[in-house]
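Chain nomenclature is as follows: A, B and C, assigned in order of appearance, with residue numbering initiated at 1 for each chain independently.
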Amino acid sequence: MSQLYAEGTPIADERAPDGPIETRWDRRRFAARLVNPANKRRLTVIVVGTGLAGGSAAATLGELGYRVESFCYQDSPRRAHSIAAQGGINAAKNYRNDGDSVHRLFYDTVKGGDFRSRESNVHRLAQISTEIIDQCVAQGVPFAREYGGLLDTRSFGGAQVSRTFYARGQTGQQLLLGAYQALARQISAGTVRMHPRTEMLDLIVVDGRARGVVVRDLVTGEVTSHLADAVVLATGGYGNAFYLSTNAKGCNTSAIWRAHRRGALFANPCYTQIHPTCIPVSGEHQSKLTLMSESLRNDGRVWVPVLAGDDRPAGEIPDAERDYYLERMYPSFGNLVPRDIASRAAKHVCDEGRGVGPGGLGVYLDFADAIARLGRPAVEAKYGNLFEMYQRITGEDPYAVPMRIYPAVHYTMGGLWVDYDLRSTIPGLFVIGEANFSDHGANRLGASALMQGLADGYFLLPNTIGDYLVDGPFDAVDPAHQAVADVESEVRGRIKALLMVDGDRTVDSFHRELGQLMWEHCGMERTDAGLRKALAQIPALREEFWRRVKVPGEGAELNQSLEKAGRVADFLELAELMCLDALHRTESCGGHFRAESQTPDGEARRDDENFSYVAAWEHTGVGTPPVLHQEHLRFEHVTPSQRSYK
Amino acid sequence: MVRLWRSTVGKKAVMAVSGAGLLLYVIAHMLANLKIFFGARSLDGYGHWLRELAAPVFGYEGVVWIARAGLLACVLLHMTTAIQLARRARAARPIGYRHRRPVQGSYSARTMRWGGVLIALFVVYHVLDITAGVVNPNGVPGQDYRNVTASFGRWYVAVFYMLAVTALGFHIRHGMWSAFQSLGISTAKRRRALRAIALGVAVVITAGFLSVPIAVLTGVLT
Amino acid sequence: MRLTLRIWRQRGTSDAGELVTYPMDDVSPDMSFLEMLDVLNEELILRGEEPVAFDHDCREGICGMCGLMINGVAHGPERATTACQLHMRHFADGDTVTIEPWRARPFPVVRDLVVDRSAFDRIIESGGYISAPTGSAPDAHAVPVPKPDADTAFEAAACIGCGACVAACPNGSAMLFTAAKATHLGLLPQGQPERYSRAEAMVRTHDELGFGGCTNTGECTAVCPKGIPLDTIGRLNSDLLRGALRS
């Protein structure tokens, strides 16, 4: 394996304070130097992304008095992918008095992440979680309430306490609109300048500091540079490397990948979360996958026929010939086992040829028992909107026939490496939200991504960025500076190159092929042989892409094929690193399941001795072996243990 | 107030209030018209009584002129705002759709503007006909009964009146509920009730007005 | 299924556009409407023609990015459904489907079916928020909100900003969008201090941007993918008038 990558020097999170974990954040805040209020007006910060992380950060920085330049590729900041989050947001409010506490949320998150995250970060996240709810309520986020007028909570994703705040099935939407409205307030106050329909294509580094971005106006096609004292990336996850995922179509890796190419380390790229309850693929034309809320597993029973190839309609299969495999394999948790376990189990039964529906890629999620037990009205009250959504998409009535579900790529725990202050390894480049490698370790718990995005944007970054900016304003960069001109011309060159290939395959056809490859070899279950195969095929596909892709139209106009082409080109580079990371981590942990590392009864087996570290990769060039830097993880408050759900 | 007048919502409020004034007049007028069924003396006497009303204070026809001034103000405000809003709407969609299908499909809502114009034309004719007597075969101001029966003696005039009155019914059906909505009185709970009331009022008014030309055409009134 | 598509093609804002006819032979009833356009675009690209530009992102009916006038109805024939959630099984073999962009002066066509809806952002920027500073909020339980109010506020807050209301309104009015936000914030105790000034500012901006006035025709609610109710507009009117009478 050694010829595939090089071992570099270990790295450490130097800004995280030591000492009692409860006061680390306080002490860090106190130690951080403050920017003189009058100086803030002279400091410019670029924030790329307007999701929960970027939107809240831009609004807060603007309110603090910085000059903010905000970018997103959609036509409005309100449409960032965060809008699609359904389930809810965790917070250790303990409003129910059911035993929750900051420490319990901290503990659950570290354990849920399969002991591959930092204690300091996660504890801070749990502390901040309560303030997020206060903040959002003050902004007018219409969370669900009880008849007494107080906030309602539910338990989510297998948590034993009820700590998830929600707004029907549209929590992400409501939280994002809250952040968007705060942003709109700053835009009208003139502190934030918004650049919608503008895509970041590269990072400008001058004298070792991140000083700006090169962007393309998606309407006119114009390529320009924006310069600032610091750059914040909040561009979301890269699940679309798999082509089919629950992410929005435009989600991409370009911003963080380009920053990686300019020197930022990329951490744990292989950590991907696969969600068990999505609507299965219906055909070649499929463009994305739709998530069905996890809550369905509270009442639905998952099964497949006992016999492979049994293609009778569900209703004609007698109970004795059905395999309720989750209940059989995990008698105590049954249908409620965590996401990764449920997903893998579904894959196994389908691999055995027992899958249902077109292509045999699906399992039943059956509500017949629930309807018989609770009555149809009760089931309708609980899940009515989800059933409707299912029917709309599949044309089948889930009250009459069981739903069909299948796992799908959902979230990426990996991302750019950041320290406690959310600084990447390029000075002046901060990374927040799903774009950083985050606090979720090897597996994210339900309802924790929204929490992390808002914690980063409203509370953490605005506090930590000052310690960097206090040394600014940095020397003004002349727009004609060589470093700026070089990046700009590289970007232009790449656009031109994409347009010039004029081959015979569409961008989507490459993306689909890459996605299949990744799903097969770097998906729910990974093997040494499979990953090596992928590592051989991806460079070949990349080479073919640059030889055969066809991008119609011109650069100086709205050109959606060109946008896609740029994104897919970056995925083609990232995918290789994902596979390499998966290959080098020969243990199983969280969402990363290596077939070679399992217990006798088929469960994931961690290898704490050799892999209790964050893998932070350094770029050395496309197709040349990257350098691995390890950040070792220490556990003082939670003792790593084997997860078990039997 | 100037700001309010400038805003589209303010204009709608003006339209609603003036429309309400017109509506009150129309209701009173419809009821008064029914006196025709009690004979010429009843109707003509009523007209006379109106003109004598509070004569010591305002002089003969004083109250009537005050009412006319109020009505005229309402009509002017109503029409001005209607025209302004219609022009705004045209400007808001300079390029139309090639293919367009209304979904909600309320006929009365879509005919408010042309219906209003029809009503306006009708009123002009009507005043020349009955009040001034210019286009009336009888044409003696004050002889309301004979003016009316003479006018409706010509079937095409009666039909024109009936058409106009039906248009008015449609206008009121949407207009009355719409006014509640414009003034912010209609809520989710009240909407059904208000819509039903508007429909009821529209039907009653239309029926009341229709009864006269029908009676003349069928020979009940001569 | 075989379909005949008539699609509005327009290169740029200042260009003239036209409807162009594209026959499609092999449409699966399981496709979403946008996937059907994807398939068309793949064919066009391979034929050396320019693909049809249309906006989309989440493809699950929540981001509000997609928006097409399908056979004269905003978001197509299914009620409470965005174009991305509309499936081809609602069309019949042999149908002709006309696809046009939203049309309103404040929504200029950018290209083909893509329009510029930034006017909506201007409306929100003019007051569609609660001025709550970050980092110093009172405890979330400090102010209870009656459940019915919270539910109604949520219903209005569900607006996805797609613009279908404007597209369908015979007056080109954005009153449903504006009212949804005013209602959402105006119903919550946190939104009270700015309630009347918010309504005034948002309506003023709405008018200045060149949207038409609402004359209560109700087409907007009928096509709204989130079923934003018409009484939000009544509520906005009431807030505006009350605010004006107060000052």
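Quick note on the criterion: a contact is a pair of C-beta atoms (placed from the backbone, for glycine too) under 8 Å apart; a residue touches a chain by one contact, two chains touch by 3 or more.
Values in this document were obtained by computation on a predicted structure and should not be read as measured data.
Chain centres here are C-alpha means, and the one lying farthest from subunit C is B. When chain pairs are compared by their number of contacting C-beta pairs, A-C comes first. Separating the CA-averaged centres of subunit A and subunit B is a span of 63 Å.
Subunit A and subunit C have centres, each the mean of its CA atoms, that are 27 Å apart.
Inter-chain spacing, taken between the CA centroids of subunit B and subunit C, is 37 Å.
Per the touch definition, subunit C reaches subunit A in the complex via residues 11-12, 28-32, 34-36, 38-39, 42, 44-46, 48-51, 53, 55-60, 62-65, 78, 81, 85, 87, 89, 110-111, 114, 116-118, 120-121, 124-126, 128-135, 137-141, 143-147, 150-151, 153-154, 157-158, 160-161, 184-185, 188, 190-191. Within the complex, the subunit B residues that touch subunit C are 1, 3-4, 6-13, 85, 88-89, 91-104, 106, 109-110, 112, 174, 177-178, 180-188, 191.
Of all residues in subunit C, only 6, 8, 19, 69, 71-73, 98, 100, 103-106, 168, 170-173, 175, 200, 203-204, 206-207, 210-219, 221-223, 229-231, 233-242, 244 touch subunit B in the complex they form. Taken together, the subunit A residues at the contact with subunit C in this complex read 56, 59-60, 63, 74-79, 81, 83-84, 93, 95, 131, 133-140, 142-151, 167-168, 170, 173-174, 177, 180-182, 184-185, 187-188, 194, 196, 219, 248-250, 282-283, 285-288, 290-291, 392-395, 458-459, 462, 504, 506, 508-509, 550, 552-553, 557-558, 560-561.
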